[in-house]
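I am attaching a structure below and will ask some questions about it afterwards.
Labels run A, B, C and D following the written order; every chain starts at residue 1.
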Amino acid sequence: MSYKTSEKNQYLDIVNIRALERQFQNSMKKENHSAEADFILGGAGGEETLRANTDDFRNFKIIPSVMHGLFDGLANTSTSFLGQKLTLPIIVSPSAAHGLVHENAEQETIRGVAESGSIMTVSHFSNQLISSIHDSSPETPWLYHYDEDSDPGMNRFLLDTAVRNKAKAIVIGVFGASFGRRERDLTNKFDFPSDLPFQQLSAYTDYPKGLDILSVNNRKHSDITTDRIKVIKKYSKLPVIIKGVQNGTDAVRAIEAGADAVWISNTGGRQLDGTRSTIDALPEISRAVNKRVPIIFDSGVRNGQHVFKALALGANLVALGRPILYGLHMGGSKGVESVMRHMQGELENTMLLSGVKNLEELHKYARVERKH
Amino acid sequence: MSYKTSEKNQYLDIVNIRALERQFQNSMKKENHSAEADFILGGAGGEETLRANTDDFRNFKIIPSVMHGLFDGLANTSTSFLGQKLTLPIIVSPSAAHGLVHENAEQETIRGVAESGSIMTVSHFSNQLISSIHDSSPETPWLYHYDEDSDPGMNRFLLDTAVRNKAKAIVIGVFGASFGRRERDLTNKFDFPSDLPFQQLSAYTDYPKGLDILSVNNRKHSDITTDRIKVIKKYSKLPVIIKGVQNGTDAVRAIEAGADAVWISNTGGRQLDGTRSTIDALPEISRAVNKRVPIIFDSGVRNGQHVFKALALGANLVALGRPILYGLHMGGSKGVESVMRHMQGELENTMLLSGVKNLEELHKYARVERKH
Amino acid sequence: MSYKTSEKNQYLDIVNIRALERQFQNSMKKENHSAEADFILGGAGGEETLRANTDDFRNFKIIPSVMHGLFDGLANTSTSFLGQKLTLPIIVSPSAAHGLVHENAEQETIRGVAESGSIMTVSHFSNQLISSIHDSSPETPWLYHYDEDSDPGMNRFLLDTAVRNKAKAIVIGVFGASFGRRERDLTNKFDFPSDLPFQQLSAYTDYPKGLDILSVNNRKHSDITTDRIKVIKKYSKLPVIIKGVQNGTDAVRAIEAGADAVWISNTGGRQLDGTRSTIDALPEISRAVNKRVPIIFDSGVRNGQHVFKALALGANLVALGRPILYGLHMGGSKGVESVMRHMQGELENTMLLSGVKNLEELHKYARVERKH
Amino acid sequence: MSYKTSEKNQYLDIVNIRALERQFQNSMKKENHSAEADFILGGAGGEETLRANTDDFRNFKIIPSVMHGLFDGLANTSTSFLGQKLTLPIIVSPSAAHGLVHENAEQETIRGVAESGSIMTVSHFSNQLISSIHDSSPETPWLYHYDEDSDPGMNRFLLDTAVRNKAKAIVIGVFGASFGRRERDLTNKFDFPSDLPFQQLSAYTDYPKGLDILSVNNRKHSDITTDRIKVIKKYSKLPVIIKGVQNGTDAVRAIEAGADAVWISNTGGRQLDGTRSTIDALPEISRAVNKRVPIIFDSGVRNGQHVFKALALGANLVALGRPILYGLHMGGSKGVESVMRHMQGELENTMLLSGVKNLEELHKYARVERKH
């Protein structure tokens, strides 16, 4: 008997992501997958950081300025990153096990990303082989989210596979030397379905079979030092992006170690509760980075105003995690595309109503201030 | 079959506007017009700005000072604006389609305004001809809220009509180059009733028939530059008022372009969610304007204390949008008058209890401070 | 048929004033006096100031300091005011119409005050003659709360009566030139029961019969200037206390006009909504008064910690309004005494746990700070 | 008939302390011991300080910094105090009457402490003899919480007993000269069960029988001056720890009087409501102590993030009160051990995810900041 979930492929009429989240939750419940939904929706500890990630955007106010005579048509959200053209400054965060919410897993996600003109990030914990994901949409740029294993052979195997399948960059997670204590999962005694393996990891000959989530995680090598970053960059010959940066000091360390981009994230509040929201951390990091490398920002982004605020405060790209999974579940690749189009539409609307018509103007003119 | 709604004409016993809002909502629901009520009540996005507009008044505290020996009778709320005498510093904001809430639409509203000794603002999206509205109460001063159309002929037609019908000023909206994303309307799939046309717009020969709200809106020319302001002022030979100002820079731009007044507004939270409340924006704009032109203030005003606070912080007039529609629906012109009298009464009460007896003293002595 | 209410005379076992308030409300409801209870419980407008009066105490934190070796027995709350010895720094605020809650009205209240070793304030709107109240407990010190009438004869009559009945001071209210807009009363269409007259006012020969609350109030002369204060002081040859001070400037004006004490009050949020709480106003006023005259503080005080905080921030006496009426209703004079004893007990407890054993030490050593 | 409660001895699967608290409350209710549960759960007054103790931790944010290359294994929470090795920086606060929640009372608690590698504090109000508690786990370090009685013979008796039974230090409470007014207990008319005596107190020949809680408490000598501290230290020849410090001045006084450690506590909000939370008090006290003596911190700690924050802000040890009683009730000594292991696990997790691997690094590198 195998894990069954959505096979949908349809465009979604999205009013807002909150409503989509409720639809997702209800649909998963109907499929008897509430524990899996909780795994996706939940955060660490008392979920203070999970909530703060979204709520704290409210403390930053957009101050529209519309009388400068800039307009001459529609808003343009296009940008570029590592030489890739994007139609919008929104990309996909790595998240584990897309097979939990759609039968076609990551292959379905990347096709939605392709239609959106965006970039996919493939998680270390993908349910499919990197080659299968890449082959499903060979023209779509993708980043590989690399977690260092305690076995050096495994590490070479994963990096070689990513390079061979044309990853545009290696995303190295620096989330500390442990795994978030997610109380929903502990209450549900959640573990991944045994018939939904992490195929890329399992493809390594020496990889032990039947490990549960904590055991798999405990294989991770926790000490991602600046030296390791240099080694990985040299070995892969790819740009490296340091993900999980939460303060200015680590951002500087990352850049000094050769990072080609800094990715601000607290993993959507899934690792350590009690930390500040990423939007509260952004100004400090933005000052520290000082435009030397691009900044990617995630955790808690749920609408176009949030994207606008993060960009105005110094981010170059914003990444979405959970909302992509909601779209994937409710509509497959078309659902993913619908989420992206919805966010793009809200961003365009926010730009036009704030007085900027493209991202260059946004970075230059947009005024977002902390409510005093 | 045509759209049916209230034909009431009665004075209202108003305890507060919140209670009146509930009565309005219930009555519209009984008439099967909940979607229309939502169109009126709702705001953009998650309605954060809609709520903040009213809630943020709480952060500003009135500090009464009553021992200066100023009193010698009742409070006097009279003032003047563009040469017009007003019995109170409260006027009517432009709002679309008064026909949604009363059979006699804008004609009924303006008669209530007349009785209140106030000023009417006629929206671009009125359900009646400008001439009919004006004829309904020829002595009542009114402002024309002008949205620029993409067809220059239409623009001339509208301005000519306004001038011919003795508009006292042209109100030019500068709300950015798009239309608010109102989630209630998207959920309700709201559109204006087809048998409730925007008569003034439809009177223009070349105006396409059967446009829905978004199409109509998309005809709007979004780039209201300072040059356009000068052109409109020169063409109409009327004072111009720039409405939608949300920061000091735009206020200065407006004045430099010849604005005869600056109207602070975020359209009642209907355009862009995530912006600051107008009461939070007022001090910055008031400093920038520095008494060079009068300031009109709207969005979120629901009682006499709110009016008092806005005036004390630098506004010269306060405008009401939704509350006027509640009054119109529940009591026709007498309902509109009741809302105005209620607000005036609360303002007088606030003035007397704060230690000022007229608006000159209010602007000079009233102490309103942000809670630290 | 005449107004009927409590005839109780019993000691109360008070856990806290909130619980007593609920008992009061339930008992009044049982007697079919909910509108009268609302008159007592309610405040002006949206009751923001009513709530802030009590809630804002939370922002001020007591910082106990207990290692100075001061103790040698129990706490002592005794103090003096205008030459009167008090066993506690808590007195009775003026409130209208005690007959609403107890058959014996103000005569019952003053007997409870007598047992508590405190001071009574008799309202302008008492249900009994000043002489009856005074005769009911001839040794109890009392203050007369004087509202100026538009008829000078009435004013002389009231002051003469107060002097003849040995009032210790004249309390002059400076609450602005109007009357609070209390929405509960407007909703209930509340007026005082016709068979529960304001006897002292009615005793004046020329006083019109059958006036309702607003009419009575409108007889008040609103312009309490510093000159009038001097006149009243000279005429009565009694100390004068200025009640209703809400800022430092008015406090200074009062002192310069000869005030023997300054009484900080916003009438329990019953006059103007949207003003700051009295505890938020206290530090400014305390600095302005600079110990030149005693400060009485009221509005929102509901427990011993509140009293302690007000005293530590500069008040000399704290006055209670509504809680006295709750005690009067539930237990007559013994109920009033129970409320006083309860508050005194909580104050003693707070003093002992904060490290001060008498009010002198409290004013010198107690540390209360606004939460940053 | 004697008081009956839990005889459990089992390990607990703890998701979080809030859930454990609910289990405790439900279990006590089933045993008909809701008043006893309220005695344990409740706080003084309106319980503002009780709530703030836990809630205020939210205002302090952990800012992880993980790229310094420190890691090389697991986290290590071991530390030492007064020459004792501890496997974790968490000890047991004194709390009265463990017999209320477990048949074996303090004897059971100390066995759980032994297994945890921690330190026990025995309350003045223990249900068992000090010698019985000590004999139950002779190798476990314990502190004696000494309250000074009005009878000097009793004081010598208690100190002699503590010394003879190898207490590692005398904890002297400085909570002010009274007893918290706990409204739940007043409502419940709570008193200790008569068949659950304070055995150590009762063992003193001259101790009066049948005293209720307030009477017992009133025997306490309130004036703990710096002189008394010197006397107790000299008499017992043991280190002394001053518990109940809430500000920098008292901390300095304690050190100058010879304190070997300062214990920050507001007794879990059980003494005086309206004081600041201990986490809000910690920075001031930490500056005043300036590392001269160790700081113990308690009140409101409910998870590993809280422990981490307190340590990062200057505490050396954190003490747990109520959670220990929950564990004791639900699982006896194994339940106590489960609570300790749970807290240790959360602390380790927080350390690893914050970028520090032992307490030395935590005190040096951890960044915790008040949210601005």
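In this section, a contact is a pair of C-beta atoms (placed from the backbone, for glycine too) under 8 Å apart; a residue touches a chain by one contact, two chains touch by 3 or more.
Nothing here was measured: the structure is a model prediction, and the numbers come from that model.
K.L.:
Report, in degrees rounded to the nearest 5, the angle of the rotation taking chain C onto chain D when the C-alpha atoms are fitted.
P.N.:
That pair's rotation angle lands at 90 degrees.
K.L.:
Based on CA centres, what chain would you say lies at the far end from chain D?
P.N.:
B
K.L.:
Since chain B and chain C are copies that touch, just let me know if over half of their interface numbering is common to both, same, or not, different.
P.N.:
Answer different: the two copies use largely distinct residue numbers here.
K.L.:
Could you tell me the distance, in whole angstrom, between the mean C-alpha positions of chain B and chain C?
P.N.:
Chain B and chain C have C-alpha centres separated by 43 Å.
K.L.:
Just give me the whole-number Å value for how far the CA centre of chain A lies from that of chain C.
P.N.:
61
K.L.:
Find every residue in chain C that makes contact with two or more other chains and list them.
P.N.:
In chain C, nothing touches at least two other chains.
K.L.:
So, with touch as defined above, which chain pairs make the list?
P.N.:
Inter-chain contacts occur between A-B, A-D, B-C, C-D.
K.L.:
Sort out for me which residues of chain C touch chain D in the complex.
P.N.:
Residue positions touching the partner: 15-16, 18, 57-58, 61-72, 75, 303, 305, 308-309, 345-346, 348-350, 352-355, 357, 367, 369, 371.
K.L.:
Residue numbers of chain D touching chain C in their complex, please.
P.N.:
Against chain C, the touching part of chain D is residues 45-46, 48, 174-181, 183, 186-187, 222-227, 242, 244, 246-247, 249-250, 253-254, 257, 271-276, 280-281.
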